[in-house]
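To keep things simple, chains are lettered A, B, C and D as they appear, and every chain counts its residues starting from 1.
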Amino acid sequence: MAEQVSSVAPISSDRARKVRRLIGRGRRFLSLDAKVAFGGLIILIGLALAIFAPLISPADPLEQDLMSATLPPIGFAGADPAHLLGTDDLGRDVLARLLYGGRVAFTVAFVAAGLAGLIGTVLGLVAGWYGRLADTIVSRLIDIWMAFPPVLLSILLVAVFGSGLHSVIAAIVIIDWTRFARVVRAETMAQAALDYVTAARAIGFPRLHVLLNEIVPNLWPVIVALLSLEAGIAVIVEAILSFVGLSVSSDTPTWGGMIASGRQILHQGWWVLAAPLAVLFVTVLAFNLFGEGMRRTLDPVMRR
Amino acid sequence: MIVSVINRLVVAAITLVGVGAIVFVLLRVVPGDPIAMMISPGASPADIAALRARYGLDADLATQFWMWLKALLSGDFGMSISLRRGVLSLLAERLPATLELAFAALALAVALGLFLAVLGTLARRTVCEPLIDALNGLALAVPDFVWALALVLAFGVFVPVLPLSGRINPSIDEGFVTHFYLIESLLRLKLTAFADVASHMAMPVIALGLPLAAVIVRLLKEALKEAMVQDYVLLARLKGMSELRLILQEALRNAIGPTLALTGVQFTFLIGGTVIVERIFSYPGIGNMAVDAVINRDLPLIQGLVLMFGLIFILVNLAVDALAAFFNPRLRHG
Amino acid sequence: MSPILTIERLSARVQSRDQEILSKVSLSLERGEVMGLVGESGAGKSTIGKALLGILPRDVVITGGAIRYDGRDLLALPARERRQLLGAEITLIPQDPQTALNPGRRIEAQLTDGLRMKRGLSGTQAHDKALALLEEVHIREPERVLAAYPHELSGGMRQRVLIAAAFALEPRLVIADEPTTALDVTVQKQILRLIRSMQEAHGTAVVFVTHDLGVVAQICDSVTLLYGGTVIEAGPTANMLVHPGHPYTRALIDACPRYDRPDAGLHPVPDGVISAMRRDLSQRYGRPV
Amino acid sequence: MSDVLIACEGVEVVYGTRRQNLGLEPGGIKVLHGIDLEIRRGESVGIVGESGSGKSTLGRAILRLGDVAAGAIRFAGEDITRFSEARMRPLRRRMQMIFQDPMASLNPRHRIRRILAEPMLFHRVCAAGEAGARIKRLIDRVGLHEAALERYPHELSGGQRQRVGIARAVLLEPEFVVADEIVSGLDVSTQAQALNLLKGLCRDLGLAMAFIGHDLSVIRAVCDRVYVLQHGRVVESGNCNQVFAAPRADYTRALIDAIPLPEPDPHWLARESLPS
């Protein structure tokens, strides 16, 4: 053991220490694992495409042209080079609609996941750390929430709130805070049973200090992973609601809305379904990969 | 033991009442008027008021809830506004379709999950393992909604071998006595009808079962891997047991308990998933009916459906607890 | 008579870390002898135990030497013959009775596996033999214990069951891998006594892996002391613990706390002893130790 | 002022009293049945027992880290049994704990420097500017290199982590520490280092210590007096010299007889100790 101590190189000054710490941080940032890198890259690309949709879109997503309706994508007989991914039954450009649909999808993903995460995490922390009545209430609420089929509840909520982006986000937040609350509550309890928390109590730190400074830092990997998963789920829920015809107004292009119309004209233009479905598939997968990778990357012990 | 059973039941009852109360209140604040959707354009205000009174929509919220609860306890779920039939008989007619779908998906998921988890454990530290893990991660990440539509494209358009919608070909009339078409046709050996029902169910079942199978594979494989490094497996290996026998006889029984509990939760998600999957395949179950009910603002039907889903959820959880106790000798003996 | 076990210049390395963890370890064990394999963590004592049983982690490979059991080199033996020996003639008493019994199977099933699989006993024969075994390890109400699940038994009882299982097939060599580390001292003494009496009654040789020099002193006929994957000193227990030949052995004995001497247990092994030994070993084995 | 620092009178601890399952389930297992115990200033007292004796529970109860069902705990003459968390806070600095598992007792997300500095700053043990120097001095005293301060707990070895745990407790300059099985996972030579360090610190700082352990030999090395616990009761207590030379309780005798000394004794194994 004495040898291990001496193998730790002595550091001369505070400045050298700071530099070293910065280098360490940079290296840690670069040594992202493959899942984080791959998932994150796809999310970033998707986000950029959505943000810059007005600049890069090949066409107006709403412009109908019944003369060039249900044109197949490039590479199939009868394709029009102006429509890379073909057109739908009203002659609207599929690629343009995908790009604009991404705006709704990513807005919903980030806002809904963030809010659900915030509410669920706070409630989970309170239930898991302060226990007693707070825990009883939150646990019962979670039980009741879990007894609703989430898709049915979201449809119901949007029906109540009226359609629109805000309703969709509100519905997702109201339904999915439980995902965070459940996990965070359990994880908080598990951490609270560890001796580093007892040590903090033995020092005399106030309860809130122990929660925020000792426990919460150890929950980050889980919370970040959940946030990423939730973003993927939100995209799906938005698509489901659009599919049922309850999401945002029908003249805003959404992936779910495209899927719904694609389902109608399955045999005339399969690409109208296939294109948004593929995008949905890749997006959800990316959020999953990113979340799973982040859980590992952020964990100081697992990262070794 | 008895105490914990009573405790469970009390919590279940609270949950169910909570579900009922929430949906009830939620529905009363819906802006859409259910009566407006069922009347003919020329109805007089008196007619509308009469209709309101008939469906009990003229009383205040608390009275309505109380009346509804009282009626529920006597087995009266009310009348569907849009379909103009008793909610209970509608449920009785549609529920079997959904149950057949859900349990077929469960069976598929358990069979596939068990098989792949054992295979993955056998193949651990070989090139096959990351392959199984990657495919499994894919199945896990992508939800039933996307799988369903992907299947529609694959087997409805590109290789059109499976029917895209419905439960049975209308030209087949076997005069079913029950609404469990799959089971009944099998029991009565009407094989053509059975094959037709099965082919209609194939895609929704795969779409629903695939994510659950992936969950089972991941959990069970993890639990098996953990069990396989325990000393008792080491001792059994020293006794000369084959790898497969070690997994099946020594590890599986200890791995299945923890997996089961989480599989139960996931099964309730699967049942929730029937709502959208039935919609996609126009499958006449309670899920599809629920979407229609919401769109039509059919309050009594929505209430009945939500309560039904809640009840299924609670029953599944109780069943899972019982099964988990059965698989864990520690719990079995108190 | 020839020794039941000889290990000749056994070397092993961890592939992933490219590090040698055993260097030319040699030892020999007479029939019916109990040998203590002692050392601090990282000394390589359990690696040797695992090598004897053929249960090394995949990452660890044997790079040289031989393990001769009854004249046959275990490492060169065809896999099938090796499997015949292991678990029948060479068995294991594991460290942790909590994890060494399958929580989901009754004691009877676990105790009779070997009897049925390796000896081909019928169900009733195996049952009778299991009863006799439990009586031999001083378990009262053996019928009840056979029908029990592991969680219904105390730690000491479980360890007795595991000892019964280890001796079930009349082995000639038992590897006891820290079998009392997880137990309370009063239970430890009973278990040590049991292992010794079983060993004497059956004439079994035992390799007793432990970090506790006290246990070694009371139960072992001979000792092999390891450090950094090498043998430091070996010899009869009485001789070596009373007149240690190596400074490290001496220092280790002095570091042990003892209830009969208030100042014992406060003397760490001097850094000088360790560094001198390391220098010496590095030279001898051509690697950093 | 009397020189008794800690006094326990009839302390009882019951587990599982929290009303669970809607209050339907009767809970509560008594783990301590009326413990009387005294620790004087500067004195090292061993609390020894086998698993299930309640020794760790007692250690936590003394520090008010677990609820006490009955009896009284006095710290420096003051009855702290029913003190609120806020009233305990100023006392916390004066009574500290060293944990069994150093990995679990150090927050994996904090660097060692933060783990050591935060408690000092919280209790205002010294001016913020002086904390660094104090930490440096102590880290040296416990035999760690300064570079270890920039590490995370998982980057240290088990023995090093245990030194951090000792340093954290001692930095608050307490009058009393509870050391809970702190050497049970260590090799003998590392154990000897830790015991040496602890004994030296107690002597130099005039610390009183409750040393909880299962190994009477270790207790013998560091303690002046000893309490022997069995099933939540004190079966024997007294000066170490006297208890080890002539144990009065059968259980103490059995515990002592069960310890194998590193010195061959042909009769040890056969000697019957506990009439079980």
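Going forward, a residue touches a chain if its C-beta (ideal position, glycine included) is under 8 Å from a C-beta of that chain, and two chains touch if they have at least 3 such contacts.
Just so we're clear, the structure is a prediction, and the values are computed from it rather than from any experiment.
Asker: Count the C-beta pairs in contact for A-D and for B-C, then report the pair with the higher count.
Answerer: A-D
Asker: Which chain's C-alpha centroid is most distant from that of chain A?
Answerer: If we average the C-alpha coordinates per chain, C ends up farthest from chain A.
Asker: Per the centroid of Cα atoms for each chain, what is the distance between chain A and chain D, given in Å?
Answerer: 46
Asker: Roughly how far is chain A from chain C, centre to centre by C-alpha average, rounded to an integer in Å?
Answerer: That gives a centre separation of 52 Å.
Asker: Using mean CA coordinates as chain centres, what's the gap between chain C and chain D in Å?
Answerer: The computed centroid separation for chain C versus chain D comes out at 33 Å.
Asker: Among the residues of chain B, pick out those that touch two or more other chains and give their numbers.
Answerer: 11 - these are the residues of chain B that touch more than one other chain.
Asker: Residues of chain D touching chain A in their complex?
Answerer: 60, 63, 65, 85, 88-93, 95-97, 99-101, 104-110, 118-119, 122-123, 143-148, 150-152, 154, 157, 159-160, 165, 168, 172, 190
Asker: With touch defined as at the start, can you tell me which chain A residues reach chain B in the complex?
Answerer: 140, 143-144, 146-152, 155-157, 159-160, 162, 232-233, 236, 239-240, 243-246, 259, 263, 266-267, 270, 273-274, 277, 280-281, 284-285, 288-289, 292
Asker: Using the touch rule from the top, collect the residues of chain C that touch chain B in their complex.
Answerer: Checking each residue of chain C against chain B gives 53, 55, 58, 83-84, 86-88, 91-92, 94-96, 99-105, 110, 113-114, 117-118, 149, 151-152, 162, 165.
Asker: Report the residues of chain A in contact with chain D in the complex, numbered from low to high.
Answerer: 1, 4-6, 8-11, 17, 20-21, 194-196, 198-207, 213-214, 217-218, 300-301, 304
Asker: Using the touch definition from the top, list the residues of chain C that touch chain D in their complex.
Answerer: Interface residues on the chain C side: 40-41, 184-186, 188-189, 192-193, 196, 211-219, 237-238, 241-242, 251-253, 255-269.
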